[in-house]
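Next up, some structures in structure tokens.
Next come two complexes built around subunit A: one with subunit B, the other with subunit C.
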Partner chain A sequence: MLAAQALASAAFHDGYYGVAFPFFGAERRGAPVLAFARIDREKIYQKTQIYEPDCVVVLDDKLVDLVNVAEGLKQDGIAIINSSKKPDEIELEREAKVAVVDATTIALEVLGTPITNSAMLGAFAKATGIISMDALEKGIMDIFGPRIGVERAKRNIEAAKKAYESTDIGVCKGGRMFEKGKKWLPNWDELPIGLATRALKTDVGLVGIGSFVENKTGTWRTFRPVINKEKCVNCLLCWFYCPDGAIKRVSDGVEVDYDYCKGCGICANECPVKAITMVR
Partner chain B sequence: MMTIKDLPLEDYFTSGHTACPGCGPAILAKVIMKVFGKNTVIYTPANCLLVFGGTYPYLAWKVPYHHVAFENTAVCIAGIRRALKRMGRDDVHVIGIAGDGGTADIGIQALSGAAERNEDVIYIMYDNEAYMNTGIQRSSSTPYGAWTTTTPVGKVRAGKTEFKKDVPRIMIAHNVPYVATACISFPNDLLAKLEKAKRIRGFRYLQILAPCPTGWRFPPEKTIEVGRLAVETGMWTLYEYENGVMRINHKPKMIPVEEYLKLQGRFRHLSEEDVKRIQDYVKRKWESDLALCRAYGGCE
Partner chain C sequence: MMRVVTGNYAAAYAAMRARAEVVAAYPITPQTFIVEHIAEFINNGEMDAEYMAVESEHSAMSAIISAEATGVRTFTATSSQGLALMHEMLFIPPALRLPIVMAVVNRTVAAPIGIWCEYNDAMPQRDTGWMMVFVENNQEVFDMIIQAYKIAENSDVLLPMMVCLDAFILSHTVEPVSLEEQEAVDEFLPKYKPHVYLLPEDPMAVGTFTPPEYIQEVRYQEDVAMRNARRVIARVDEEFGEKFGRKYHGLVEKYMVDDADVVLITLGTVTSTAREIVHKLRDKGKKVGLVKLRFMRPFPEQELREIAENVKAIGVYDRSVSFGSGGPAYIEVRNALYGFDIPVINFLAGIGGRDVMAPDINLMFEKLYMAADGAEKKNIIWIGTRGVEP
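== the complex of A and B ==
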């Protein structure tokens, strides 16, 4: 969201009009979210979500496996993807122009956290040529500066520059199939009174109480905890403290359930014998 | 006394919920359900827990679960409890879990009423010290000096100018059977209090500090560490009030508050004078907690 705002702000500095806004779902920090930006030489009156973009920026390459990111992308459009792969190793729904940058590594090096938005803006500037690096620097400072302070905004500019220099442009493979998003849409006579949700098994999965187990939150993760069984003293603190119930008690201690682990790192931070390390 | 090792394997608040990584309230919800188990009815008003614990038609709760309006927590759980009693189900625990905004601000009249009538319910306030669900607005439970989107840091003012409302003492003033404060970073103390709340009948109020990495601006792996420092600096006191007797459960080490404040981005702007003011507040808070404890016969 900040990235979209910084992009729109950068557009102003290059003499464009720019509009940016996020799509708010019920998800929390770390969950996949959407933000939109429009840039034009003319005044922008259209304020809707963008369904046929000229450019898609994907901040996390795990999304490429889960979501059809090329959906609606214009024929001559470009997908800019945070990935350590080469452009021709990326597989989307169809062949398309792609720009690839390893923004997670850059963000970790420059910022110390895996927040990739500023680096991805650098890749955008390189891949599209719409916005100059000069304008982007000003845009990042406009939006990030008041939020996180000038010093940290400067480091974000550095991340953007680094990404600008290492962005790789090419063409990706096509032919990947995606399932359409499935939803539980009951008829009126199937809906329980008062919209109460009983535990039901529907043809699109569980609904009702306990049904969130089918929501695998492991995709949010950047770092994953690894338990050294030899050091573990089975104190169960990690099991107690895990916000996601992703640490399971087993007969000989504890195990991580990577389907749900969001990689927060509480377990590694709290382990009294340092038996847990976070690895990428 | 229950310890971590005695907790059941089964989660009645399941994985797959959509809380931020490192969420304190998510830990609390999981632990509450481990202690109370299957024979429980849960109510939450509008708060983060409502949103990350369920998006219609999906739910992380594996027990009957209700949501009505923001201000109604105490009155709804009282109603559910009375209906269950009418049905002859005295074995069911009815728990309302509200945030600090839904308790200290919006829900306080219903809370006061239900407490005064001594309804047979458990009211748990998970205290993350602001309206986090709507994007970090200050509540009356937000501490002095903290940045929120409605107490921004500017040239004239920086952060909240008022101190935290002391809701547990308001509840003690209602003279209910059980009032307790706890923190997710002190597992044994927390489990003992939840277990006690499960056993006692009548109105039970628990206020549990659950740090929020997103709103307090600290890295997600520090949630427990921040909670521990809140207690050890004296920002948050662990005590309980049971049938007219108050006990302090943990004597804080009284580490300088700076150690707690500097971990969190929401306090980054504080001046030396502000830090001193908070240190004075902590000293006064501890002395008055101690005095109250003496007055209620639990401390020498």
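== the complex of A and C ==
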């Protein structure tokens, strides 16, 4: 979301009209979110989401396996992907121009956290040539500066530069099959009255109370908590603090439910005997 | 049992007779006696209900919403600033389809601060999804609270209802009211059977975070329910008439309208006074009629269009104003009468609780005759305002 804003701002510094906006789902930080940006020489009036982009930027490498990121991408469009792979090792629904950068590694080196948005902007500048690095620096400072401070914004600029230099452009493989995203979209008279829902089985899965069992949020994870059973004193602080109930009590202590653990690291932070380490 | 009681007493008594099981309210003049009477009924053992003393009207509605969601019949009452404070919570029962019934004693909303009758408390709530009925006398207060439950709880409706009564003119005025026996009310209004309710052993989600893929359909459901209410209101009134011998004619009551040249549309207690004026004018050979606009939601579009077929001019009385645009009832009537080529004019009077007197209503009919002849060109007429030529 900040990346899209910084991109719109950078475009503005290069003499364009830039518009950026997010679309949030029901989840919190780290959850897959969509952000959109439009850049044009003319004033932009359209206020809709974008369904056929010229460029799709994928900040989280794991999404490529889960979501058909090339869906709607224009025939001559480009996919910019955070990955440690080579362009021709990437597999999408169809052959397409791709730009690849290992933004997670860059972010970890430069920022110390796996937040890849600034690095991906550098890759965008390199891959599309639409905006200059000079404008991008200003755009990042405009948006990141007031939020996280000038020093940290500068480090984000550094990450963008590094990504710019290491972006690899090529063509990906096609032919990957994706299951068409299914949604429960009942007519008005099929919805429970007042949306008062008990657990409801639909042809696209569970709906209503308890339905998140089917939403395996473990795919959001970059770091995974590993418990050292030797050190663990079974104080259960991790079990108390885990915001997702992803720490389970078992006969000999505690265990992480990796299907749902989002890798937030709160358990490792709270563990008084440092028995939990976060591993990439 | 016929007794001489206030509108507030009639409201409290109706809540008891309807067997409301949870009452949560915060006292505010002129509603206070409603909750005091209910507290007395409970204390005397006459009424079997949980009374929740809450810290505000916002909390009152929150408590009532929660109670109703567990599947019990509930009641609350408020006025003026209290209703305004409740506004945020008013959107919730219609969407969750909780058939709550609330008495609203219409009082002016500050500033300037006043305690007397004006409809600027209720009118801003029109878009929350509540049904809204305005009553004319204390008998109608009692009768409509009983009817309100039956309408609201109908499976084709499942929307909450406000029963609006004029501050002091009804709330603190005594007049004879037939307070029906429990057995008769029970026969008319059986025990509430909720369509769905919260149960710990069978968990349910209500009012959860809902993305755009669903909210539009929820709003459509509410819209359909409000449209269905038109039919249900008429049917329940028929049943009530058969049981108790009193009928209110659904969304609107037509009084001497059939051969009328001009008609006046009124809300609330002004209707009562206007009935006498209509009689006097009829005695003088003037063919005047009266339309009691009972419901603001659902709004009686079709009924008003039928009336407009045969008259030369229509006047609409309002006890509140949407500044620069006339009164809310007038705005809605004009919308309903789109395409009719007759004068429709607005009379603003009784604002802030000023008495609406017989000469005021006479003047409204005079203006209507002038409008019918093309001699009155104004659309919005303030009556009894110093320095303003009506």
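As a working rule, the second predicted complex is superposed on the first by the 270 of 280 C-alpha atoms of A that agree within 3 Å, B and C clash if a C-alpha of one lies under 4 Å from a C-alpha of the other, contacts with A are read in each partner's own complex, and residues count from 1 in each chain.
Everything that follows uses one rule, which is that contacts are C-beta pairs under 8 Å (C-beta built on N, C-alpha and C of every residue); 3 or more make two chains touch, one makes a residue touch a chain.
These numbers were taken from a predicted model, which means no experiment stands behind them.
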item	value
First, second, both or neither for A:Ala268, with subunit B first and subunit C second	first
Partner chain in contact with A:Asp257 - subunit B first, subunit C second, else both or neither	first
If touched residues of subunit A are counted for subunit B and for subunit C, the larger one	B
Touching partner for A:Asn187 - first (subunit B), second (subunit C), both, neither	second
Contacts of A:Lys216 with subunit B and subunit C, given as first, second, both or neither	first
Which of subunit B and subunit C A:Asp244 touches, first, second, both or neither	first
Contacts of A:Lys231 with subunit B and subunit C, given as first, second, both or neither	neither
Partner chain in contact with A:Lys74 - subunit B first, subunit C second, else both or neither	neither
Touching partner for A:Lys201 - first (subunit B), second (subunit C), both, neither	neither
Touched partner set for A:Arg94, first subunit B, second subunit C, both or neither	neither
Common interface positions of subunit A, toward subunit B and toward subunit C	26, 195, 197, 208-210
Complex interface listing, subunit A residues touching subunit B	26-31, 113, 184, 195, 197, 206-217, 220-221, 235-237, 239-246, 249, 257, 259-260, 262-266, 268-270, 278
Touching residues on subunit B, where the partner in the complex is subunit A	4-5, 7, 9, 11, 13-24, 26-27, 30-31, 48, 51-65, 184, 187, 213-214, 219-225
Interface residues, subunit C side, partner subunit A - complex	95-98, 158, 195-196, 202-211, 213-214, 217-218, 220-221, 224
In the complex, subunit A residues that touch subunit C	25-26, 183, 185-189, 191-199, 208-210
